[in-house]
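Structures follow.
In the two complexes below, subunit A is the common chain; its partner is subunit B in one and subunit C in the other.
Here is the complex of A and B:
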């Protein structure tokens, strides 16, 4: 019994973290249709933004978190203006260039901050016992934050003028232009928001495990699997996808073997592509 | 003093690479008029529509309310009141009818009032207000495309092939819609393959063949033209 409740609690919390990691990627890949391989780099910049502000510059944790959001937001916005906008209809170029950018960011971090993990302040320190399982307050904070962001993003996209314009651009560039929506401006906003979301994910991951220059790689693969499972174009699908993968991942590790860590998202990815390539929710975002 | 023209095109040339799509086209659309450009597939009707609404590079003059279209982005042209309803419709397929119409008023404020007007014009859309656009029939999608264009309270409406592929019964609905649009005082440039339909609505007609206007005049005059009767009205 204790095994089951531990499984449920751990999986639920892990899934919240996964949803948080994937949601910025969802916005760009799912809604914008661009495969952004630099999503991991934004995550790294989020974590190292906090590190830079707090540890290196000695600023307060609050300022550190703000820097951790602004740095990836600026990076993401510039990435759109400098690269994505120019290669709008060339997905291969976008993949190559975002991959190269991502490696450049990793190397920059590696060369300036070193290869050892660095500590990021926790949102909330301490532990609590839930259903016989010891859970860090920090992870609970991440879980709550994840849901606040999911609900916030859902409301923003479906109920605000700018959010609806983001959806409109994702469905038809020409249609958007015909009603007077400036796609470039809307895309820039989307990329900046995605950067902020990746920054939050980076801070959450870094506060849990410490930050490293390569900390964005696993989340990138994870995000990709989650979006493919949930269905491209669906925020709801990504959330469901994050929870399914989170439960499978924790289940594998807890009930089968520790050696299977990180394998679950890849198995799910292959399985979905073979059986149901359109994912669980396909194109249902606007509901 | 003549009435101020809403749209004035002169000596217009448009090319796609080496292929010239429009050649020395002259066209004037006056306030409140419906001017129709007819002609077979590939004659250049959509090219003309796309040029007027700012999507294509051109040589010559295209002025909307005295202002050169070349100087503005398609989005700012929308802002100034020239609305283009394309042949491909370009709806937001995975959004409801309601959301599509709301977005039609993206550059405006009073969307509810305009929406009532569109739903009055096309009651069929009101019945389907929560349905996704991509699940509707071609005729309903066409009504939605026209409705979305009307949401921005157009000054000049460019309608490209509103009747393409529609059943006769739907054609009547679209026809009534265009009458109502004209009653509202909207100026219309109608690019249309269905010559009978165009003749029934237009104040003035231009026949476009291979990128050039080969006949121009009021419908009653062109109805008796030998070339038009033989090639377009079935003799």
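Here is the complex of A and C:
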């Protein structure tokens, strides 16, 4: 019984983190129709932004978190303005460019901060026992934060002018421009929001596991699986996808073997592409 | 800190008039370009049989191989430790009237680079001794070069017993290799068992979860633990040899918690920082100790903002531990010269140079065979203990002897200076062996 409650609690918490990781990625695909392979780099910059501010510059934790959001937001925005904007309808070029940028960021972090993991502050330190399972406050904080962001994003997209414009561009950028929406501006906003979301994910991951130059790789692959499962471009799909994959991942590790860590999302990715390529809530790949 | 290292890198000396040494160098060249396999065993008639009196020398040259000494604290400690020994000896008038000089080369932790740099030390620098080498893979790559060059080598860092196995199997060929420290990887494992056996009651560890990272260096450690740990009165709650490159320890730590172990009993180097950060940040309800290479660094506490607080690791020496009467004196002199404390490789490289100097001073002979004989018979009181080597017939031929009377590692715990604010700073306190301990073991406050 303790096994089951532990499974449910850990899966739920882990899934919240996964959702946080995947939403920024899905947002850019939904709106711009491109795969942002530099999503992992934004995650790295989020964590190292905090490290830079708190450890290197000796600023307070609060300032550190702000830097951890601003740095990836600026990176993501500049990446769009400087490079992606010029290759609006060339998804392959965007993939190549974001991949190269991502590697460059990793190397920069590796060469300046070193290959060893670094510690960054937690949102909330300490532990609590829930249903017989030891749970860290930090993970609970990440879980709550992830739902605040999901709900916030939902409200933003559906009830604000800019949000509706994002929705319009994601449906058809030609149609959107016909009704007077500046799709470049909407794309820029989307990239910046995605950067902030990746930054939050980076801080959440880094505060839990320590930050490394390569910490963005696993989340990027995870994002692929989650987004494909949920239906590419669908935020709702991403949230559901994150929970399904979170539960499968924890279940694999807890009930079968530790050695399967990280493999479940890849199996799901292949399985979904074979059986239901449009995903749970998507239509893009099927068309 | 790096200035000293750079200063000490000299380009080939042109003041050597001793033609015999050039003959050795020539032999070395032959070995280094790949003839080692055929020329190794028959050493009759080789130049090293001839005496090379120290009294006829005005210089004795030592080559150092260190990983990235400009940045890596392990490499810097090797280079600086050797440099400090050389400086101190020269200040006292050298060895038998001859000056010691040092040449440092960077292995970059790559076997191929290490082999190339070793060849340069032998051919271009005409060194009489080489020391250093941290990475086991690099050591194994240059073993044949050492055999070919017939130049004594005193390892300071690499722990793989494969090197001593070769000395044991083909003594005449590989006898030039000695491991001054640390104790080899098999003995690292044996020492873990000895520690648990002596200390488990005091620590309150009734059961342990053995966590070992899957790298080459831990294979002999695993083997020793598998063989001997079950014979102690400590229960083994679980054993996990986890994959190299593991970043997320959550599944492993969950398993440890479920097993009910009092402590994670660890062997970690490459994956150690991620493991200790996650253990501390998540305040996992078990204690944490064993071999944790990063925690041996004196600067580590600040680097991880106190995440290593209450972690325990084996170490050759710490800046405050009086392993011998020479230990703290060396650590202080090192700190004064280089503005930081050395990692364990620094103590070992310092001992290697000093032991070599003592041996050639006693025998008045720098010839390779005389040095090998001298080191085999030597009992040198260094900073890490009394350094003696296993004989040619031992399975660990020419490895430093492990034992309470020879080299017996210490166990240190990182203890916060202010428990209320563990991030502010911490100290490496020795908790074992008893006679060297500087503090009592502290259980992490969250347990």
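Here is the rule we use: the second predicted complex is superposed on the first by the 280 of 287 C-alpha atoms of A that agree within 3 Å, B and C clash if a C-alpha of one lies under 4 Å from a C-alpha of the other, contacts with A are read in each partner's own complex, and residues count from 1 in each chain.
Everything below uses one rule, namely that a contact is a pair of C-beta atoms (placed from the backbone, for glycine too) under 8 Å apart; a residue touches a chain by one contact, two chains touch by 3 or more.
Note that this is a predicted model, so its numbers are computed, not measured.
On the shared subunit subunit A, the superposed partners subunit B and subunit C are arranged side by side without overlap.
Of the two partner chains, subunit C is the only one touched by A:210; subunit B is not. In the superposition on chain A, no contact is made by A:268 with either subunit B or subunit C.
Legend: residue contacts after superposition of the two complexes on their common chain; A:117 is shown touching subunit C, with no touch to subunit B.
After the superposition on chain A, the angle subunit B-subunit A-subunit C between C-alpha centres rounds to 150°, nearest 10. By the document's definition of touching, of the two partners only subunit B reaches A:167; subunit C does not. Once the two complexes are overlaid on the shared chain, A:180 sits against subunit B while remaining clear of subunit C.
Superposition on chain A leaves subunit B and subunit C with their closest Cα atoms 40 Å from each other.
Chain contact summary for the complex, subunit A toward subunit B: residues 161, 164-165, 167-168, 171-172, 174-182, 233, 283-286. Across the complex, subunit B meets subunit A through its residues 73-76, 78-79, 83-86, 88, 90-96, 99, 102-107, 132, 148-149, 151-152.
Residues 6, 10, 55, 116-119, 122, 125-127, 134, 136, 138, 207-210, 212, 215, 218, 253-254, 258-259, 261 of subunit A are the ones that touch subunit C when the two sit in their complex. Remark: subunit C residues 240, 242-243, 247-252, 254-255, 257, 273-274, 277-278, 281-285, 294, 303-305, 307, 446 touch subunit A in the complex.
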